[in-house]
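To keep things clear, I will list the structure first and then write my remarks on it.
Each chain gets a letter, A, B and C, in the order it is written, and its residues are counted from 1.
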């Protein structure tokens, strides 16, 4: 299918969705958006991808900056955001603030304005401290809104949450778009069983945003979601509430189990991934706030010892055989801890990972388009007409 | 006012100014430029801003690099330069040389050429060592001129001084443009009193380029300038001479006082800001040259102790009440040391800072446009016609 | 000559060359390319330069990324690659992996894909470990090919070797293009004598890729090549074989001598430059693999002591007087160790270096165009028609 055919398919979908409220708005959490709005993101992402595959330029900016603000080193997120910006014509300017606990109040307000004089988009990753990341993003967003309203900024930059302490919307939206394509359409997801499960990793303190984001999003897509983890590895209470409520409102189910076997049995989709217990992450944030670094070291040792009790939480071929048709779709946000490859014991057996490698790369490939679609929908007053005009104009991205 | 109306106002102003000599030239110090040339910078900056506000592209480059060369970490200057380059269509490439005292001679000549094969502009910040920064910029400029003349470079990059040991032209030009707009036009500045005063800061060794730049520039804008500082906090002798000469030639006044109260009394504009004594900075440069790091530590301690004797040099509300109408325009290059916010005792009381916050951000927002205007005027053979053609062409910056 | 005249000269040359196989291919080693293909690179590089000199845009990309992957700090290579990308319309995104010995297998495959979703070109510099750099580039290339074929990537990025353990093709091609221009055409190189000689440097472990690349390339250009070094400073055995075979096939000569005087005598071109012995570099790689850092320190001391025995291997004026007409063309990849300038004793006397300075800068100026030409020839299905259309279209790079 070339882009013209794809447009014929996608434009009518977009015309039937209500997403006017996305104009001028930021993207923080998937559950703050309506299902129509999320579908609009998927559809615009697919359209941008189809255009690019057909060598049609999707630049909507002749100039302008995309600011990336990361709290730690992040090659993949950095490249996804840079790719999304490039696709739309924005130039990325990185703002690295180091791993220190982020400043608040005056400093945030000031920095947000000082870097945004020419900024059309700002992507923030801040997932390290419980109760901080999302709050920080809102502080930045409020500062930018005020900066625009008072004439300091010529435009209001669109904020995209590239991972916070609560959700990881660009990851889980890419994951779900991959699932939709894999099963041949969102309508085919009805009744599918998803196993979002903890898995053992020799490293410590992996963020909660992925499991939380998955249970908060996949429960809205017609699927039955099981969250599995050893006792003590609970996620945020209020995200559990979101997942339960989603399931109730969408006629799907959501439940928690402490057995990986239980979760994998007859699952259509499995997402085995390590994370740190919410309570431990909260404790770490408190220790950090008190500057108690020996306490943090002690906590780390305890957590690693606790992890080591659950080495059997590994996604093996034997376990994969218990899934629907022995053939569930294996998901991961990457990089995975692969047993005998990246570590001795990890989240997944090498034979499983290898079998799904191309699919995993494909899964990751949706992210830049998801980010671009979020920016596009916030910036465009009339996204449908714009997509049509990009298509009609047919400017080559690359003049072979 | 939309950009068409603004152009109707600005183009005639530009037509009456003599600034042909800016073509192909660098920007080092404001007092090396005529008042007509500085007015051209303000006018072009305002025009570029009006065009951008009206979503008209001001790209004059289809491709090309803007090189940024900073001697220390500088988020704000980095973003200002990146914004200016982006506005004109240049891509920024950073050259970070670390904080070491900069190389001279062969090395400067070579590096300048090696990074400039595709460079149309180069922005340098080098304010750390007395007698070095400005000299270094001239070495780079001479090397680039030679590189162009001998056919090594296809074009001669325009050098913009982003802060040196003597002047900080992009900052003070942004400050003055803010003042002009605040008072409704350059013609309204006649007879206004400006207080450029030292203020206490708990940190050490803040550069002299801002106070020096302000007294060297504001004395030419029809205003009466008072420089206030405790004894021992003198600025460069030859910049004092520049300020005196400016005042004489422009029928304004310039004087030095050792009383903050004296400076603030009936002032229309106040600029309270910490800096290190010129003699101490010169001593530090000498110690650095000798590799005497314990001497530098000792000097730092002495300076901090000396600073602490002048904690009463703070911009308080009480002091603000003594200014003209109790309502002087408060300026700062940011970030400011705000008492009880960023430090215990600082340059300015929180209540004063907060009252002027939006104006301070607005002040900062002029800088990218000032930098862009400096590059524009150096690159364009006929800047007026080019502005008219950008306007007539009316290419959207951002295709909403 | 303006670009129209240059095109009249260059297009017929290109029409007579066979280089169709470069389409979609990477550039690893010069001796993997035919002489027609190398000539195509020179000719396209010269054409791109002529277009740029005449202010004609050579952007073939409206958007797209160029990924730079460096194993160590490299200002010059970074800027050359950034310049080449900018010339073609690509935005550079840097991937810095630090100096650690590079990962293999799974990790390389994954990272290569994760950074390349929007990548049209990828430039890699990895020259630090024998047997690793070139192998790593092939791993990346294979991963990208597979990523493209499996639909993970929308396009296959072109890989350019920016320096590996075996060859430094962008450097030596720039060097040779400089030589061609200096002597007024490739046809004038017949019978010229080239002295690629070791020279003393107080620093340790300089890469072998330049001498290896030079003997592997210059032996194909009609010139007689002499490789000179003290005993013990041998280069890779198989590159010596390449040089010998080239000479045989091209009716030129290649020999090794242990006398700098012998090499310089009546030479038309001299390239005196320090490098580390191949066997020592191999030993270092082994020690690194074993994590034997004290062994590495010990090796470094031994090598510096060994170097110090050959301080007389310096390019002096006296030695230059023994070259053809006392006037050989002096080459260097820069930066050079200049005696009494950058170090006490170095590779070259200051008076020699200074006399050739402008020519050396000119030599370096070819590199961005060589890199751009390599990308251009890999990306363009019909490069000749594209060059003609860029010329006919005549879009200004910079709208003066």
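In this text, contacts are C-beta pairs under 8 Å (C-beta built on N, C-alpha and C of every residue); 3 or more make two chains touch, one makes a residue touch a chain.
Computed from a prediction, not measured in an experiment: that's the story for all the values here.
Asker: Determine the set of chains touching chain A that also touch chain B.
Answerer: Intersection of chain A and chain B contact lists gives C.
Asker: Between copies chain A and chain C, what's the superposition rotation on C-alpha atoms, in steps of 5 degrees?
Answerer: Superposing the C-alpha atoms of chain A on chain C needs a rotation of 120 degrees.
Asker: Just give me the whole-number Å value for how far the CA centre of chain B lies from that of chain C.
Answerer: Going by mean C-alpha positions, chain B sits 41 Å from chain C.
Asker: Mind pulling the residue numbers of chain B that touch at least two other chains?
Answerer: Counting only residues that touch two or more other chains, chain B contributes 91.
Asker: In the complex of these two chains, what residues of chain A are touching chain B?
Answerer: Residues 60-65, 91, 93, 95, 105-107, 109-111, 113-115, 117-118, 120, 147, 150-155, 379-381, 386 of chain A touch chain B in their complex.
Asker: Enumerate the contact residues on chain A facing chain C in the complex.
Answerer: Those residues of chain A that touch chain C are 49, 52-53, 57-59, 75-76, 78-80, 82-83, 86-87, 89, 91-92, 334-335, 338, 341-342, 357-358, 361-362, 364-365, 367-368, 395-400.
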